[in-house]
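Mind looking over this structure? Questions follow.
The chains carry the letters A, B and C, assigned in the order they are written, with residues numbered from 1 in each.
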Amino acid sequence: MTAIIEVRNLIKRFGHKQVLRQLNFSVQQGEFVALLGSNGAGKTTLLRILSSLSKPNYGEIQIAGYFLPGQSAQVRKKLGVVSHLPLLYGDLSAEENLKFYGKLYGLSDFQNHIEEILKLVGLLKRKKDLVRTFSRGMQQRLAIGRAIIHDPEVLLLDEPHTGLDQDAANMLDTLLQEIASRGRTVVMTSHDFPRVANLATRFDVLYKGKIHASKLAKDLPQHGLLAYYQSIVDEIDAEGGKQGAT
Amino acid sequence: MKKLTTLRILDIVTLVALLGATAMVFFYAPIERVMGAVQKVFYFHVAAGWVGMLSFLFAAIAGIIYLIKKSKIWDLVGVAAVEIGIIFIFITIVTGSIWARPIWNTWWTWDPRLTTVTIMELVYVAYLMLRQGIDDPERRSRFGAVYAIVGFLSVPLTFFSIRIFRTIHPVVIGGSDPSAVGTFDMTATMFQTMMVSIVVFSILFIDLVWHRIRLGKLANQVEELKFNIQD
Amino acid sequence: MQKGGSKVQPKTSFFKALFAVVWKDLIAELRGKELISAMLVFALLVIFIFNFALELDPKTRSALTAGILWVTIIFAGNLGLNRSMSVEKDRGCLDGLLLAPVDRTAIYFGKSIANWIFMLIVAMIVLPIYSILYNTNIISPALILVIILGSEGYVAIGTLLASMAVQARTRDILLPILLFPVILPVLIAAVKASAGILSGFPLTDLQTWFNLLIVYDIIFTSVAFMVFDSVVEE
């Protein structure tokens, strides 16, 4: 089965700083991959490159059969992206926001579709309300609605739980599980281990610009995620110490 | 990175050329009948002006190439051209002022050429301020390139617009209005001195830009080394 | 996978995307009215400041009136441009636009046209107010045409430069510093044409200025949309 996301030898530099170093990453269709890493590890950078917002310095990227950056337009159709910024217009209503993005994605006659999505994210009653009156949790849910309006095969989420309280985060999780269960592929970055342990089917560790390890959820003991992550990081640090500065 | 021999030679050539041109201005070119000795400012004024405008073109072209090739050296060339250009234009403005004072009894005239050249200076400075306000190095280079192109296109248009007014700037070359105060006919020796000045200033420009580019490369190396240590 | 009734086309049509952006900006603005009211209040304040700073009488000082009118438009326009692009930047919406399978130039034209419309709305309110304040009718089709042409050139370069300025730390002061020196050709032509119109010169005399405005508009718009890609694509 060909992977729906395939990344080989990805290098990304900012000035002289090499953030991603010959990174390899591969995701099969239907997987829910949690990308774990501390702040500054390069999670957001990787996600920005995958979402076509940023170009790599080197490397091959293939998503849903199309190459980045050459075929970015086709890739964009297949992607839905949620970042920690809402990407919503405060002066527009929930309905109008979805209408706008739907138009951008070339949809037509999609009023019913908008209603379905609003129902899915639990905001149907607030469809006429302006987004700037929404709480952060509601905005995030609407943001997910925006991300899936064009029915993308792949969903990329960058720390979506940032700034949410427990209830809002739980609602988000239910929504994510619902969406993932429909056969979509999801890649989510996070440093919230307990939360992510219940959502993902696979956990990858991003550390010092590379993806070092990958573990399927079913192979991980209960509550063992943090320990797993820590062990990988310690291992790499130890190796780095032995070999001297890389 | 040792100084290239070529650069060393260029430094010497530049120095000699400058001395030679100055000598020409003072000893070879005649004293102008009406304006007197102050007219001699004209040679360096025109030379600096010409070279300053060319450096703008330089920066715009470097910008275009950078946007196409995305190679950092072209960004460096653009910055160097702008920084050195600022100096040359400043010289143009100041020498223009020095020339104007005894002749028109004013430090400033709002005529097309002087005005346009000052606007160009403002665009140059805006370019540097734009770069300074951006932290991401790649974005900084990209935006600089875009603004250099936009700025370069707008300045001739500005000149053209202002020109449609009457001018009091002496139209020394190709001018047909003898009543414009300060106009004078150039003798052959004056013409030669002017051409030599232009050539010498061009050499000076290349020398300075080269030094600036070299400085930029060294600065980049230092940055890189810093990062390698931090890692 | 297709949902009933909605289809996904290969790369969204240029004009559909363009109109979507314009529609979005207009609706958002009509709702909040923040942009236009800010521009309007600012414009009126500028007129009042000029009134106290200078001797103004449109009948005898048409050149001055033209200048003041355009200074007002330029400064209010700067406010509008800044705000318009800030909105996109602050909530990450620019990313939202870039994530969509649309031509970057469609985004550029969408934003420019929206900005243009806002400027024109403000101008159309300022003109009658000016006429009332100075008890003389300065409105005429010719003047309106000049304002339309002048603001197009302004907005063409302004949208491009605002996209850059808004990403810098020094965002607010940077836009005027970048924009004003570069917009001078348009300003000069617009002011000369306006002054001529207010003085009652026959339009044939002002032909040059109109032609220049059109030429500048074309040049600036072409350059702007050609380089816009480089500004937004990382």
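Quick note on the criterion: a residue touches a chain if its C-beta (ideal position, glycine included) is under 8 Å from a C-beta of that chain, and two chains touch if they have at least 3 such contacts.
What you see is a predicted model, and the numbers here were worked out from it, not measured in a lab.
Visitor: Please list the single chain whose C-alpha centre lies closest to the global protein C-alpha centre.
Guide: Centre-most chain by C-alpha means: C.
Visitor: Hey, which pair has more contacts between C-betas, B-C or A-C?
Guide: More contacting C-beta pairs are found at A-C.
Visitor: Hey, how far is the Cα centre of subunit A from the one of subunit B, in Å?
Guide: Chain centroid spacing, subunit A to subunit B, equals 50 Å.
Visitor: Taking the mean of the C-alpha atoms as each chain's centre, how many Å separate subunit B from subunit C?
Guide: One centre to the other, that is 32 Å.
Visitor: Distance-wise, how many Å sit between the C-alpha centres of subunit A and subunit C, to the nearest whole number?
Guide: Each chain reduced to its C-alpha mean, subunit A and subunit C end up 37 Å apart.
Visitor: Spell out, as numbers or ranges, the residues of subunit B touching 2 or more other chains.
Guide: In subunit B, residues 138 touch at least two other chains, as defined above.
Visitor: Which parts of subunit A, given as residue numbers and ranges, touch two or more other chains?
Guide: Residue numbers touching two or more other chains: none in subunit A.
Visitor: Which residues does subunit C have that touch at least 2 chains other than itself?
Guide: 234
Visitor: For subunit B, which residues count as touching subunit C in their complex?
Guide: Those residues of subunit B that touch subunit C are 67, 119, 122-123, 126, 129-130, 132-135, 138-139, 142-143, 145-147, 149-151, 153-154, 157-158, 160-162, 164.
Visitor: For the complex, give me every residue of subunit C touching subunit B.
Guide: Interface residues on the subunit C side: 157, 160-161, 164-165, 167-171, 174, 177-178, 181-185, 188-189, 208, 212, 216, 219-220, 223-224, 227, 230-231, 234.
Visitor: Enumerate the contact residues on subunit B facing subunit A in the complex.
Guide: Residues in contact with subunit A: 136-138, 220, 223-224, 226-228, 231.
Visitor: In their shared complex, at which residues does subunit A touch subunit C?
Guide: 48, 51-55, 73-74, 76-77, 79, 81, 83, 85-92, 96, 100-110, 112-113, 116, 130, 146, 150-151, 153
Visitor: Using the touch definition from the top, list the residues of subunit A that touch subunit B in their complex.
Guide: 14-17, 245-246
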